[in-house]
Amino acid sequence: MSTFIRKDLPTLLIAIVGFAIVAEWFFPIKALSDFKSYLGLVVTIIYRVSIGIGTVYATTSEYAVWRRNPTKQQTIISGSMFAMIIIMALVCVFYGGLDAGYNAQYRWFQYNIYQPQSQAMYAVMFLFQCGSLYRVCRARSMESTIMLVAGGIFILSCIPLFASYVPGISELGTFVTQGPSLGGTRPANMAAAIGAIIVGLRSLLGKEQSTMETT
Amino acid sequence: MDEKTQKSIWDKMGSIDYRIIYATFIVMLSIPIFYPLGIPMKISTPVQTYYDAIVDLPPDSAILVHSFVDLSVWADTGPILVATWNTLWDIAEEKNIKIIAYVSIPDGAIKMDDLIQGELKPPQWRIDSYGETWVDLGYIPVVNEPVQASFAADIASVCPTDIHIYEIGSEWVGTPIYEIPVVQEVAARGGDPNKLDAYDFDLYIWGSWGCTSPDQWVRQFWTTGNPAYELKMVMMTIGNCVPNVMPYYGPDKPIVGFIPGSAGAAGLELLCGHMGEGIVMADIGDLAGIATVAVLLLGNLSYFGKKFFEKEEEG
Amino acid sequence: MVIQEQIGVLVSTILIVSQLSLIIGDNFFFKWSTRLVIGFSVIHAQIWGLYWSNQYAIAPIMKGELIWIIPLLLGLMMYTRLSKKYAWISKYPMGVQLGVGFGVVVVSMIRSQILDQIRMTITDITGATSPYALLNGLLVLIGTVTVTTFFFFTREHTGLIGKSAYIGRAFIMSSIAVIWAGDYIWAMSMLAGQLQYLIRDFFFGLILGGA
């Protein structure tokens, strides 16, 4: 009984829900279509309600990092994260409640902390890519030569200076994306799709236990 | 010059301190910000087809627009969105093109408010005809595939009322969407005026920086449905998603045009005539491209120089 | 600039420079600025999660649409993952999510990502209107066949399959090269955006006062 409730019933639920939606594809009757729409929103609500788990994990892991290394520096670093959480929570409580995301005060934090910071993370990534471009992109083997040539052509075709003044570079760039690159991406997509379908069907039939294991 | 010096030159070329490379790129990217270069541009085919898909729509068409706003990649994708909306606003009144728009990321909820009141201010006739020729439904969380499936089948199931937050059309906020004239008109195209779905539109303008997004959107807005929706799409994206878009890109395929980042946005700005950040980014890209070529050449010259020199010595 | 904007520009500049300081090595300022944005992101996700939970579940329940109690309960059941003893309860909402996810994807994936791709590979050749288009189509066909053999992991890559897989590797590398190059261009735009902000808004806007 315990195994039935803990393992078999959830697996049955996956199958019932999954096959109901697949059935709607073949039998587009209103009841099934409405059920499919309802389930789409159910998934959204589950996702939105359960976001708090991320909050719990983020805060507990940061606390654990601080506990392992309670130096002054780490205290300031971890403390700043908790301070930001408290400040934003207070902003939400005092300026708009559940609609706080639309308010000017929230907007200030979004534009002056979140936006520049998250963009800067990717900006740093570019500088590291420049370093790797120099160190790694050398024609040492067949693979790296292709990477150098195809990647180099694509980069040059995207840059207006070269696209305008180097004859044929933009046509070469188009050829690389619509020829060899498409020849590599298309079968990779197909292979990924076949893999996903197999895993999906195994899950619907209750054979893919790895998808239902929790820690 | 003796052999020892020649060797060390190849070694030196191949082991330049990373900080010099970083500094070089930062300086090269900064120069056009002080002194714009104005180097001419070539418009790529995907950008041209993106623009043509919008301006060549026949009269009385309906467009579904997903305003792709993600602040963490705004520098690259912002210019595309601005140029797209400027292109939409330039559509003549006589063509009677209906626009139904939404945003699907929280960042967009407030950014669109600022944009619509600023650089994306609609023409006066659009402002006066909010609700009749266009509507912005606001922030709807259409991000995962099950919700997209519901959205494509019936938009009202995910967004029952107009919830946009800016001043234009504020009298319509809270109105059930099937009481908004433009929604009724577009929904009626598919036969049922009380069901707005993917069948009712002629073009879907959407954006994402997830590389699996083309697969997702094509599944839910082209393949799904009985009969299949087969809603033509144009896509705003970033550069590294180009290989993922290519399997679906073509005149008789789901995605008829796409713009890969700010480089493409510059082309769209040239086409629509509204210069913006895309052109500035293109300028910056020019000098970065020169630095890129220099770095690639240095690394490979060092590698081949050492290899050739060692071979010569052995020989 | 009003005082709020000035403080905002100053704060943004400090955070951008802290983030860029990673290029000289991991340091206190980088870690501090990263934690700040993580803290914001946590609340950002939470507040919008609560907003939509209210819009889609709680408000309709208050209006009498009791059918939305089910997803609300399922969402709350996800929190049992935090307990080792009751974590099995979270399999129910996960099961619903998995079932819905597979259901909406499985059938359309067969058509769009397998059948249509095979059809397009062939029609790109049969429908070619120029020698360039024909060459492209043939290249894609060769790439499709050879890369597919590369993904045969149940047979050793020797003989004909080995040669085919080797060619397939070349096509995969070209695809990876374009992805990497696109990533490079994108990241370059991000750095350009940050430098623009530092120069225009901080240096000219704040320091030089709009000169």
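Going by the order they are written in, the chains are A, B and C; count residues from 1 in each one.
Keep this in mind: contacts are C-beta pairs under 8 Å (C-beta built on N, C-alpha and C of every residue); 3 or more make two chains touch, one makes a residue touch a chain.
Predicted model, so just to flag it, every value in this text is computed and none were measured.
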If a chain touches chain A and chain C alike, it appears here: B
Leader among chain pairs (count of C-beta contacts): A-C
Greatest separation from chain B - chain, by CA centre: A
Chain occupying the most central position, where position means C-alpha average: C
Centre distance in Å when chain A and chain C are each reduced to the mean of their C-alpha atoms: 4
Chain B-chain C separation of Cα centroids, rounded to whole Å: 15
Multi-chain contact residues (two or more partners), chain B: 18, 22, 25-26, 73-75, 106, 141, 144, 146, 148-149, 215, 224, 239, 242-243, 247, 260-261, 263, 285, 288, 292
Shared interface positions of chain A, touching two or more other chains: 25, 36, 39-41, 43-44, 47-48, 101, 110-111, 114-115, 118-119, 121-122, 126-127, 133, 148, 152, 154-155, 158, 177-178, 181-182, 184-186, 189, 193
Per-residue overlap in chain C, given as positions that touch at least 2 other chains: 23, 44, 48, 52, 100-101, 104-105, 107-109, 113, 117, 120, 175, 178, 180-186, 188, 190-191, 193-194
Contact footprint of chain B on chain A as seen in their complex: 25, 28, 33, 36-37, 39-41, 43-44, 47-48, 101-102, 106-107, 110-111, 114-115, 118-119, 121-122, 126-127, 130-131, 133-135, 137-140, 148, 152, 154-164, 170, 173-174, 177-178, 181-182, 184-186, 189, 193
In the complex with chain B, residue positions of chain C that touch it: 23-24, 44, 48, 52, 100-101, 104-105, 107-109, 111-113, 116-117, 120, 175, 178-186, 188-196, 199-200
Touching residues (chain side chain B, partner chain A) in the complex: 16, 18, 21-22, 25-26, 39-42, 44-45, 71-75, 106-107, 109-110, 113, 141, 144, 146-151, 153-154, 157-158, 165, 215, 224, 226, 239, 242-244, 246-247, 260-261, 263, 266, 282, 285-286, 288-293, 295-296, 298-300, 302-304
Chain A-touching residues of chain C, taken from the complex the two chains share: 4, 7-9, 11-13, 15-16, 19-20, 22-23, 28, 31-54, 56-57, 67-68, 70-72, 74-76, 78-79, 81-82, 87-88, 90-110, 113-114, 117-118, 120-121, 132, 135-136, 139-144, 146-148, 151, 168-178, 180-188, 190-191, 193-194, 197
Footprint of chain C on chain A - complex, ascending: 6-7, 9-11, 13-22, 25, 36, 38-56, 58-59, 62, 73, 76-78, 80-85, 88-89, 92, 98-101, 108-129, 133, 142-143, 146-152, 154-155, 158, 175-194, 196-197, 200-201, 203-204, 211-212, 214-215
